[in-house]
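Chain nomenclature is as follows: A, B, C and D, assigned in order of appearance, with residue numbering initiated at 1 for each chain independently.
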Amino acid sequence: MITFENDYSCGAHPAVLERLLQTNLVPQPGYGFDAFSDSARSKLRAACACPTAEIHFLTGGTQTNAVVLASILRPWEGVIAAETGHIHVHEAGAPEALGCKVLALPEHQGKLDAGELRTLAATLLRDENVEHMVYPGVVYLSHPTEWGTLYTRAELEAISAVCREFGMRLYLDGARLAYGLMADGTDVDLPLLARLCDAFYVGGTKCGTLCGEAVVFPKGAPDHFLNFIKKHGAMMAKGRLCGVQFDALFTDGLYFEIGRQGVQTAARLKTILARHGIPCYMDTPTNQQFAILDNDRYEALRQRVPVGFWSHPDEMHTVVRFATAWYTTDAYLETLDQILAAL
Amino acid sequence: MITFENDYSCGAHPAVLERLLQTNLVPQPGYGFDAFSDSARSKLRAACACPTAEIHFLTGGTQTNAVVLASILRPWEGVIAAETGHIHVHEAGAPEALGCKVLALPEHQGKLDAGELRTLAATLLRDENVEHMVYPGVVYLSHPTEWGTLYTRAELEAISAVCREFGMRLYLDGARLAYGLMADGTDVDLPLLARLCDAFYVGGTKCGTLCGEAVVFPKGAPDHFLNFIKKHGAMMAKGRLCGVQFDALFTDGLYFEIGRQGVQTAARLKTILARHGIPCYMDTPTNQQFAILDNDRYEALRQRVPVGFWSHPDEMHTVVRFATAWYTTDAYLETLDQILAAL
Amino acid sequence: MITFENDYSCGAHPAVLERLLQTNLVPQPGYGFDAFSDSARSKLRAACACPTAEIHFLTGGTQTNAVVLASILRPWEGVIAAETGHIHVHEAGAPEALGCKVLALPEHQGKLDAGELRTLAATLLRDENVEHMVYPGVVYLSHPTEWGTLYTRAELEAISAVCREFGMRLYLDGARLAYGLMADGTDVDLPLLARLCDAFYVGGTKCGTLCGEAVVFPKGAPDHFLNFIKKHGAMMAKGRLCGVQFDALFTDGLYFEIGRQGVQTAARLKTILARHGIPCYMDTPTNQQFAILDNDRYEALRQRVPVGFWSHPDEMHTVVRFATAWYTTDAYLETLDQILAAL
Amino acid sequence: MITFENDYSCGAHPAVLERLLQTNLVPQPGYGFDAFSDSARSKLRAACACPTAEIHFLTGGTQTNAVVLASILRPWEGVIAAETGHIHVHEAGAPEALGCKVLALPEHQGKLDAGELRTLAATLLRDENVEHMVYPGVVYLSHPTEWGTLYTRAELEAISAVCREFGMRLYLDGARLAYGLMADGTDVDLPLLARLCDAFYVGGTKCGTLCGEAVVFPKGAPDHFLNFIKKHGAMMAKGRLCGVQFDALFTDGLYFEIGRQGVQTAARLKTILARHGIPCYMDTPTNQQFAILDNDRYEALRQRVPVGFWSHPDEMHTVVRFATAWYTTDAYLETLDQILAAL
C-alpha cells in the first residue's frame, strides 16, 4: 500500500523512533523540564545561531499557531495573513476562538507581498476611525506556503522591514520547514528566520516526528508563556515526547536530511506526472506537488492511491495534492507510475 | 535514578512502544480516521459493553476536559466540580478560557456529595434571579479523584440520579482510571461508567502511553465534535499515535494490568512509609499516596528523590505525593526504603 | 453650530424625549419586563405584520450584532459578510471576541451578491476538508449598507433562497433602517424582513433615540436569549429606557417620519454638493451621502463643519460622508451651502 | 403604585432628565468625545481630588465589570472576589465569557477579609505548581456590598496593602456608591478610593441616571481602553447620554444628595419593618434592607408590593430585599406601613 495523500501518513522517522526506545525508561520531570527537551533546545539554538532563543514544544500546527498568536497579539490587534493562509482557511476558526481576527490580504502563489502589506498597515493606522477597527499587530507567513512555494531572503527582509516600520511582530509557520530549507536554490536558512522573526516554529509532525512543533522566540518568549500553553490545553505531561524527537531531528543533521529526501522525491514525482501529461497547477520546489486532473481521472486515481483533494478550479477539474515524505520510497514512485500509466 | 514525583516520568509501557514500532510504516489516513484508531475504538466499546459509544482521542487531560466541556455545555450553563477538582484548581483557567464557569462545591476526600449537589442544583433552578446566574449544566467528577480516592457504585448512581433529575450531564475525568478500576474493593467498572455518564475519558498519559486520552460518549458525541477538536487546537495530524497506543492498552488486558501493578506497588509503598513513621494525609486505594512530612524532612527527601509537592497544611509541614506507575520497580521501592532510613 | 459628521450628533427626537419625561415616575420592573417595553413590542410586531416575533432591546449596534451572532451561530460556524460589512471592518473585532469568524465576500456597492454567496456556500460544503474549516452558518446583511445603498426585494429573496438551500440563517443589520424603509423607490418593508430574516434589528440610535436597537426574531428567539444578553454585558437594569423610546418611535408613525425626513434632507444635500461641483463617490438613496474632495479642500471643510472621514481612494483625495438626521434643519443646509461657496 | 423591588424601578432623577432636555439639540461628537462627557470628567476628577484620573462611561454594571477586568487582568491571572460578589454570582458568567476566572473567598457580611486575602495570595504564589494555576491578579470589592454593607477606611487600606505586597490590582464596584458615601458613620470617600484603587466605578444606574457608570482609573487607563470598550460591545455612539447625566449628578452635589436621601429613607423603612416585627437578616447602613419573612407572608406581601427575592435561608423562610432610591417618597413608606399592618 502506498500513499501520496499527505506527509503524515506513517509514524516517525526510524531514527526518531529509535531515540524514543533508547530513552524510554529514563525518568525525567514533566511539562518540558526534562533533559531531552533541554538538549533539543540547545541543538535548535545552535542550528538557528541564536543563543538567546527561548524554545517551547507544542503538539500540532493549529494549536501552535493559536497559542503563539494569543501570546503575541495584544487585545486590540489582529493578525495579517494571505487569504490562503492556514490560519485563515484550514484551522476551523481556532485563532478566532481565542479572539484573534485574521486580516486577509491577496495571495501571490501563496505568498504575501511586502508592498500590499505596507499599504494595508499604513491605511489602517492613518484611518481616522482606527479605534473602531482591529489594529495590525502580527504578520503571519507560512514557509513553505500552503502551495509549497517559498519566500526569498529578499522578500522576507522586505516584509520584516514593513513589520518594524509599523510596530508589527513577524510570525512564521514552518510546518514543513525542513522541505523549505532544503529546496533547490533557496537562500533562506534558520539563522535568517531567527534574525527576522519574532516567533516561528520548526515543524515536526510533517517532517519526521509522531507529533510536535518547536516554537522559537529568538528574542525571548512572551511573559508567562507556560501559562498560555497550559490555559489553551497544549501542555503535555510527558513533554519529553517532543523533546526526545526534536533531539533526534537535530542530531547529525537528520532534519535537513529528511527535508532533502522529501524535496528530491518530489522532483522525481514531478517528472512522472509530466511524463503522463498531467499538468502542475503551480511550479513548487518543495515536497508538495499540485496537479490538475479532470474530475473523472481524479475519481479513478483516488480509487487506487490516496491523494489530497485541494480544490475545484472549475466544474470539470480537480486540483490534487501529491505529498512526499521520508517514507516515500522508490517503490512508491514506481507504483504510482504504473497506476498513472493504467489510468 | 528513581522517582515518585508523578505517574508520567518515563515514556510508554514497553508493549505500547512495541506496537508503535510494529505499525510505524503502515500508511494510514490522518486525523483519527486510521485503522488503528478504529481498532482501538472497537476494543474500548467492547470493554465498556457499549456498542453505541462514540470515541475520540485527544492528547492530554486539560485539553480533553476543556474541549469536552465546551462541546457539552450550552452557553448559559456552567460546570459543577468539587473545590479540589482539577478543572477548578490545576488547569490554569482552561475551562474559563472557553467561557465555562466552574461552580465549586465542598469536597469530601476529593469527592462531590450527591446531597450537596442536589441542593445546589435545586437552589439555583428555583432562584428567581436565575436568568442572571449561570445554570448548572454539567457535573464534573474525577475518578480516582485528585486525592486518589474513589467513588462507589452507589455514590455514582446517586449523583447520576441528581443529574437526570435536573437535566444536567455527567462527565467523568478518568486521567488515572486504570488505577481506579483495579483498586481493591471497588465496584465501579467501565460498563457502569458507560451507563451513568454522558461523557468520560479513559486516561492514557498517566496509565502507560506517551500521550493520549480516549473520550467516550456512550450515547453519541455532540454534533460536529471534530470541529470542536480542531477549533481548540486538539486535532492531531497523526491521529494514529493515540489510536495505536490505545489499541495496545486494550489488547490482552494491558490497561487493567497496568492499573493492577500501580495499585499493588502503591500498597507496598504505603507499608514502607508506615515503617518509617510517615503518616498518610489520607487513606487512598489507588496509585497516589499523600504523606505528611515536616518541612525539613521534605527538603532533605526531595534532594534525594523526586516527589510531588502538594500543599502546606500548616507553616511547619508539607503534604507530599508519592505516585507509582508501570515503571515503578522493586528497585525503586528498595531505594526509597534506604533513603527514608537514612533521612 | 451645525454638523454632518454622522446621524447621532444630537440627543433624541423631541417626541421620544417627551415620552421619557411622561413615563419617568411610573415604577416598572427591570430588565425589559416593563409595560413600556411590552407596548413597544406589540407595536413592532404589528409594524412587521408578524405576531409570533420575539423582540429584545439592546443598547447599540456593535453589541447587538455580537450578541445576536453569538446566539444564532453554532460553534463550528462563521458568518458571511460583505468585505465592507460593519462587523468585518468597524467593530474592533467584537464578533471574533465571541469566537465568530467573519467570512468576507466581495461587495457590490456595499451589497452581497446572491450568486457569489451561493458559490461560497456550495464550495465550502462540498470541500472534502470542510471539517477543518469554518462552516457557513449565518449571512449578515446591512440595509441600508455601510455605503447607504439598498437591497431590492428581489435581491433579498434571492439571498434568502440561498440561505434556505444551505441551511444558513439570515441576519440583517438595520442600524439605519428608517432611512432604508423610506427611500424613494424601495420595495422593501418590515413585513418582508420579518418573512425573510431569522433575525434583524430595527435601529434606534441612528434613527431618533438616545440609544437602543430592537432585535426582532420573527420565528422566536434562541433558547435562553436573556442569558446571552446578560453574559455579554448587554442587559440594562432600566430596560424601560429602550422600551419607552421604541414605544414612541412606533407611535403615530414617528419612525417612518424620521426616515422620510432624513432621506429628503439628504436629497437636498446632494443637490447642494452638485451645485458646488463636488462629485458623489456613489449614488445612494438614503441619509448618507459620500463625496470626493481633494485633500486640501477636505482639510478646509472640516475646519468649518464636522463631516465624516471615510477613506482615501488615492493619495490626493478623501471620501467624506455627509449624514443627515431628524435634527438636520434647513438652517444646517443653508449654512453648508455658504461654507462650500466660500471654500 | 409603589415598589421596593430595587433601586432602578423609575427613570432618571428629574434634575438629570432636565439636563438631557436642555442639551438635547446641541450637536456633539460621538463615542464620548463630547463636551458634556468632558465636563463630567472634570467634575468627577475634582470630586475624587485626582487630577490624573482617566474616566470612561459605560452603560451598566455587568458590562463595566467585564470590560474593566478584561483590560486590567493579564492572560494568566484571575480575579479574587467574595463568594457573594456580583461578578461571581449574578452576572451569568460574563467575566468567564472574557476568559477571566473568579477565585472566590469566604464573605463576611459580604466583605473580603484582608487576612484571608493575604493567605490566598501567599499560598498561590508559593505553590510549586503555580504555573498550572490561575495567578491572583485583581481583587474585586463591591462597596456597598451585595448585602448593603460597607468597608471601613482601615479595611480598605489593609486590603490595598495586600494588593501592593503581591502585585495585585484593586478594583472596586461602586454600583451603589452614592449610598455608601452618604451612610452614617462611614469614613470612606471618593479621594480615598482614588488613592487606593487601580480602578473603580461610580454607579449611575442605581443612583439616579437612566443608565451609565463612570469608570475611574486614578493612575491612567490601560492602553487602548477604547478598543476594549468597542470590542466588547460597550461603546455608545451617543456617548453624550452618559456624559450629560454624570455632569448633572456631579453638579451642585446631586450625587451625594441622592445618596443621602436613599440612606435616610432606608433608615425610616427599617423602623417600619421593626414596628411590624419583621427581623432584618443583616444590619446594613445603606439603601438596601434585607428582611426575613416566612414564606406565606412573603407570598402575601409580594402580591401587594414588588420587593426583591434574595434567598431561601431554609425551607420555611425567604430573605427579601427592600431597596430605596430617589423616587421613594413618604407616600411609598406610608403605603408599605399600611400593607404590612394588613398582612
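Observations on the model:
Just so we're on the same page, a contact is a pair of C-beta atoms (placed from the backbone, for glycine too) under 8 Å apart; a residue touches a chain by one contact, two chains touch by 3 or more.
Everything numeric in this text was worked out from a predicted model, so none of it was measured.
Note: the chain lying farthest from subunit A is D, by mean C-alpha position.
Contact count check for B-C and A-C (C-beta pairs in contact): higher for A-C. Subunit C and subunit D have Cα centroids separated by 33 Å. With each centre defined as the average position of its C-alpha atoms, the distance from subunit B to subunit C rounds to 50 Å.
With each centre defined as the average position of its C-alpha atoms, the distance from subunit A to subunit C rounds to 41 Å. Among the residues of subunit D, those in touch with two or more other chains are 76, 91-93, 97, 131-132, 227, 230-231, 235. Interface of subunit C with subunit D (complex): residues 1-3, 5-6, 8-12, 14, 17, 20-21, 23-30, 59-64, 66-67, 91-94, 97-98, 205-206, 210-211, 227, 230-238, 240-241, 244, 306, 327. Chain contact summary for the complex, subunit B toward subunit C: residues 31, 70-71, 74-76, 131-132, 135, 223-224, 226-228, 230-231, 235. Within the complex formed with subunit B, the residues of subunit D that make contact are 76, 78, 89-93, 96-97, 99-102, 104, 123, 126-129, 131-134, 309, 311-312.
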